[in-house]
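Just dropping this structure here.
The first chain written gets the first letter, and so on, giving A, B, C, D and E; residue counts start at 1 in each chain.
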Amino acid sequence: MTALAEPPVMHEAPPSGTIWRLAEDRSSFAGPTDDRAGGLPDHDLLEVALGPHHPSTHGVFRMDVVLDGEEVVRLKPVFGYLHRNHEKIAEKNSYLAAIPYTDRLDYICSMTNNWAYVMTVEKLTGFQPPERAEYIRVIVGELTRLFNHACLVGFLLQDMGALGTPLMYAFREREKILDLFESLSGARMMCNYMRFGGVRCDLPDGWIEEAKQVVAEFPRFLDEFEALLTGNEILLVRSQGIGVLSKELAVNAGVTGPMLRASGVGYDLRKVDKYSIYPRFNFRIPLGQHGDVFDRYMIRLLEMRESLSILKQALDTIPAGPIVDPKAKQRGLRPKAGEAYGRIEAPKGELGFYVVSDGSPNPYRFRIRPPSLINLTVLEDMCLGHTIADVVIILGSVDIVLGEVDR
Amino acid sequence: MPNNISFYIFAVGVLATATAAMRLRNPVHCALAAAAAFAGLAVIYFQLDAEFISFAQLLIYVGAISILVIFAVLLTRGSDIQPGVELASPHWLTGLAIAVLVAFVIAVPVCSSSFGEKIAPKMTVAPVKLIGEELMTRYLFPLETMGLLLTVALIGAAVIALREPEESEIRNPKSEIRKQPTTEELVAEVQP
Amino acid sequence: MLGSGIIKGMVETARNFFGSYVSRERLTTVQYPEQQLAPHENARTIPLLVYDGDMEHLRCTACGICEMECPAQCIYIVKDTVKKSDYLGRMQFQPRVFDIDISVCMACGICAEVCPFDSIMMDQVFALSTQNRFSGLLLHKEDLAKANGYFHAIHPSDAGDIDARRDEDKRKAEAKAKAAVAAKAAAAIKSSEASAKQVEVAA
Amino acid sequence: MQTPEQIKSLIEQNVPGAQIELVPNGSPGGPASILIDSDHALAATTFLRDAEELAFDFASNATGIDWPERVIKEKNKVKKMVDGVEKEVEEITEKKTPAFLETVYHLYSMSLSTGPLVLRLRTGDRGQNNHLPSLTPVWRSCEFQEREIFDLFGIVFDGHPDLRRILMWDGFKDHPMRKDYVEPDDYEYEPTPHDDVLEKAQRHYAQEATV
Amino acid sequence: MNNLDQIFVYAKYWLLSQLPGGVQSLVSIVLDIIAIIAVFGTCFALTTILERKGLGRIQNRYGPNRVGPCGLLQPMADAIKMLTKEDIVPFAADKVVHYLAPLVLTVPIWLAFSVIPFGREMSAIDLDAGVLFFFAVGGASELAVFMAGWSSRNKYSLVGAMRAIAQMISYEVPLVLATIPVIMLSGSLNLNKIVEAQSGYAFGVAQWNVFTPWGFAGFFLFLIAATAESNRSPFDLPEGESEIIAGFLTEYSGFKYALFFLGEYLGLFAVTALSVTLFLGGWHAPLQVLEFLPSWFCFFVKFAAIIAVFIWVRGTVPRLRFDQLLNFSWRFLVPLTLVNLLVAVVWHFTSLGAGLDQSLRWLISAAMIVPAYVYFGRALSPNRPTRIYQYAE
């Protein structure tokens, strides 16, 4: 890893007095009327609210976009349509009862959400998950990464207008993994599987073999996927050079996950924090050079292959043994007063939980660091100067889930 | 007989839409009415067995010119005529004089032609092939001249459109960002 | 470049088009109402209450742990006023009211996890839509109560483990009871002997 | 990586006048955090980011904590003369902590792969003195998170480029994550009412009946 | 064999012979109109269902299969749904124009079918300037799209309409330029004559235009331009749902929406029928041995094949961006069609008198068109080296 240069200059505060508005008269398509003395240049600006009920905002999300022709000159994201104050709910509930709510943060990757939360509580209490539980966590976590990335590529192509064909292929494979999750935890998406100091239940008979088969078949799907997409000229011209995010801005803006690595920063918590048992596995961190939409797409495809290699190793070497720390207590947990910040490399980026305990049975402060939200910090920087069509794919390449953005 | 009836229908239609093109308030409506008038003319040409002219009229006037007119209307913000503004210009007398003059200029050749005489309708179908041959032999020079003129006009338009904006005209998007409410305003709002 | 990528992609879609006619692997759709997949053994939807024998013998003792731990707070329990004897012969309360609002329930399974009496378990029914969004989705004790046999059918291994444990408990309890009875009898004999002695002494 | 103590002394050397405290952490192995006074926060954080040996270029998490006025009861065993005999007696002393709002930043270094450094800033109280310097000019990643803190806790960040509500809507009046937040009375019918929901329902229906 | 080939023609004349002489010409027109509406109306219904089923199979799904046997009654269900939906007109809309737009789109497109020969002796009008007529009536669709977008008073609609018009105008140029070689070499604007020019077999294989170098290139250029003309993927920007909701259709519902939908598909059919006529020998059978097949059958098989290609493409590719779309037209298609024109000229003159060897003619043509293809294709996306990805640690 190279040392990073100076962070970029921040946004200047908008100069005061620059107010413009659209013509009130709805019968005309005249552009903004100008209140300032000098007058605007002879340009028609169009203000469009992309969302919240727009087909490609991945849920209920809004971007207030100002367009000059089709070129974006301003873009402000508007959040909160899915806000349910999960943090407050968790502060009113017991430590255990927060786990099923974490499923619903990033509702595509419930396993990693569970994992980040129980890891934080383990830091707070000092529970030590046994070996087998750690293996199971790594396996389900990497399976989650597999289908999250596959679906993201599908959604991205959907945003590019590919009529859902890649998405359907991704969903076909995702279904196999969700089947594994269902036979393991009882639910396909809202797994609620991890527990403090371990996992809830042991692997059912034959699960390892099924998982091995899924993992063995996955590369064929990836090859097909790449044959369908990676060389496609339309995808290349649509995504290369679009939404470029510089290394410096990415670091300073706290961008994490595949998006950061597409900008060329090799920061992966599995390597940096060495949490769980990741140091035992052999895998690499793919890096992009350009930081554009295409790099973000490619990084995800390459990460899927690395995940497959971790999965192969983990499935081959998983030991027998207990699945929960015998010291661990689930119900009525009262950690000593203190605080802990735990973070894992979730598929979308760095997912962090910050829990403050005051010794009572419910957390005093429960905070989620949502990668989706913080990765959106640079959305406007990436979109300025591009067209609406690019905004849509740039947003798609960020990989957000609104359950996590709004919490 | 059916031809006659349809001729009158279309003639009235053309006149009506042409009038509408002059009289309507919204310039976009005017442009659309003009397009309708062009289409009606094309039908009349067709009835006169002037196939080629008819199709050319449709292709060029309806398909291209009217779209051009509409774009021009939209781009020049001509569409926001305030209600209450007189449609007729104060120079209507000049306009009338010009109209009379034009009518005269057209009337003279028409009246001097054999238009009034009843002659047996002759099959005057001008096959496309004939038109093409005439254009390529007898009228070659005028055709090429016109083609050259149009090309020059096209290139000129492209050059004008391509003109690089001057430094002062390049807008800094950030300078146009709508003013955000300041912290104080927001604090004043949220604090009871 | 120059269109070769698009051609490659079109070959790929063509393969999937024809593949979906010949290969089960490519056409994974299940035609739902006609074909149904058997749920996985672990699959869970809403909670159920297990009873042994008849409805009067719910395992639930209305202890309220599930009500307290439910993350969505969708369980509502009112204790009965009379105690009934449970499978071990202990006297326990039973719930008079046991309601679950399945419009709020998020099927997390924490209630089943924390239940110390193996009473509340997770069901596998999934066609739960009703006409009435309030009363239709508020399930009462009668709707939730399911026989142990039903539980066996949906979660065979769990149910087998639980039954084995309960039989063991029962056997132990009976043994204990027998021992207690025996001890009591012995004690009674002893005491009667002692009293006899005393009587003797007194005499 | 330097310990929090070392970092504290480093800041004190390089940012004259900065008042820094260490806040202990009760969890096993959890790092202590550094409390910086708000006047020197910007200078100190810029130093943290730019100093070569520290290089905290990545502010992972920024959040707020609400500490209303609390009474902390401490049990102390005191030797006392009771009835003329010296005895060990438990005495409860009550300690009042002042109310304040706090922001917590978790800093990491991407270039050195170190961290976390937990940074705290505290406001004067929960009322009018709720201003803190914004760290968005130092780390862009704080932009949305500070907006969120402003929205949910009501801490006003001076120097933030675009301080608006983010999760709640613009006309919303309160700060939901504060401990004394009272939910608005928008009760919806819920068939399983108990505890506070039941109370709320009764209150709500009573209100509706009067209206 | 001849009976089967001419069955519809005989049926029409038999029907006319039953009628008094006075109304025969009128009834003949009406019959033609009914035939076209019935055939292409059915084609529309069938295409919607088959497209959805085909796309479904491409995406590894069944597609609609619930209504009727194999889901074949799905179009009926769709139609009922469309027609019973509320017809919503936005409050601020220009109501008259909003109402007229779907009509202006749909009506002229029906006219386009009148000049196309669907089989031997089976074209409604034998127009001398058939090709010209075809393009002339197609010109109205731009106006209709503008009317729809402008009158809806919706920003997405307006943006969609502007995109659509710019796109249609840009792609009409290569579309027409791609047909010019055919017109030049067959020496007529009359579609029947163009089909006639492609009759005959050499070594048992038909002599269609597509089997010549200029025809081959022209056919693909024509198809690409036709895809854009009919707003099909990957050129479906005017209604690119991930960007501008549904473009100019955003504010349309119910019957009007159905009319637009119909209009789009009819446009697709018309341009496909034209491509079959111009390049694929119209109603001629591909091989001499297959000549026993009815002419209309051959026509519709080719027609269906091209429609299937459109569906296939739609299931595969993502959408272009708008500036790329225009670039593609002006910097790639138009120059190539012009080069193709040149190729056609060379082809024409090498056959006259000189009598060059056939393979040499092919070689010359290929030498002209292939470098042009490579050059203009490269120029479209310059400086795109293959990316190599590195790994940390």
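The working rule: a residue touches a chain if its C-beta (ideal position, glycine included) is under 8 Å from a C-beta of that chain, and two chains touch if they have at least 3 such contacts.
Being a predicted model, the structure only gives us computed values, none of them experimental.
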Report task. Count the smallest number of chain-to-chain hops linking subunit C with subunit E, moving only between touching chains. Result -> 1
Query - Centroid comparison with subunit D (C-alpha atoms), farthest chain - result: B
Report task. Average the C-alpha coordinates of each chain, average all protein C-alpha coordinates together, and give the chain whose average is closest to the overall one. Result -> A
Report summary line: Rounded to the nearest Å, the gap between Cα centres of subunit A and subunit C is 35
Requested in this report: Report, in whole Å, the distance between the mean C-alpha point of subunit D and the mean C-alpha point of subunit E.
Outcome: 66
Report summary line: CA centroids of subunit B and subunit E: separation to the nearest Å works out as 28
Query raised in the report: For subunit A and subunit B, what's the span in angstrom between their mean Cα positions?
Result: 54
**Report entry** Where subunit A touches two or more other chains, by residue
**Finding:** 1, 11-12, 27, 29, 165, 169, 172, 228, 232-236
Report task. Hunt down the residues of subunit C that sit against at least two other chains at once, touch-wise. Result -> 1-3, 6, 9, 12-13, 16, 26, 28
Report task. Could you list which residues of subunit B touch at least two other chains? Result -> 26, 180
Requested in this report: Write out the stretch or stretches of subunit C touching subunit A in their complex.
Outcome: 1-6, 8-9, 11-13, 15-16, 26, 28, 40-44, 65, 69-71, 106-110, 113-114, 122
Query raised in the report: Okay, in this complex, where on subunit B does subunit E touch?
Result: 26, 28-29, 32, 35, 39, 42, 51-52, 54-56, 58-59, 62-64, 66-67, 70, 127-129
Query raised in the report: Which residues of subunit D touch subunit A in their complex?
Result: 25-30, 33, 49, 55, 57-61, 63, 65, 104, 106, 110-111, 113, 116, 118, 136-137, 139-145, 152, 161-162, 165-169, 176-177, 181
Query - subunit E residues within the subunit A interface of the complex - result: 55, 58-61, 92, 153, 155-156, 158-159, 233-234, 236-237, 240-245, 314-324, 380-381, 384, 387, 389-393
Query raised in the report: In the complex formed with subunit B, which residues of subunit E make contact?
Result: 94, 97, 127-129, 132-133, 135-140, 142-143, 146-147, 150, 165, 169, 172, 188-189
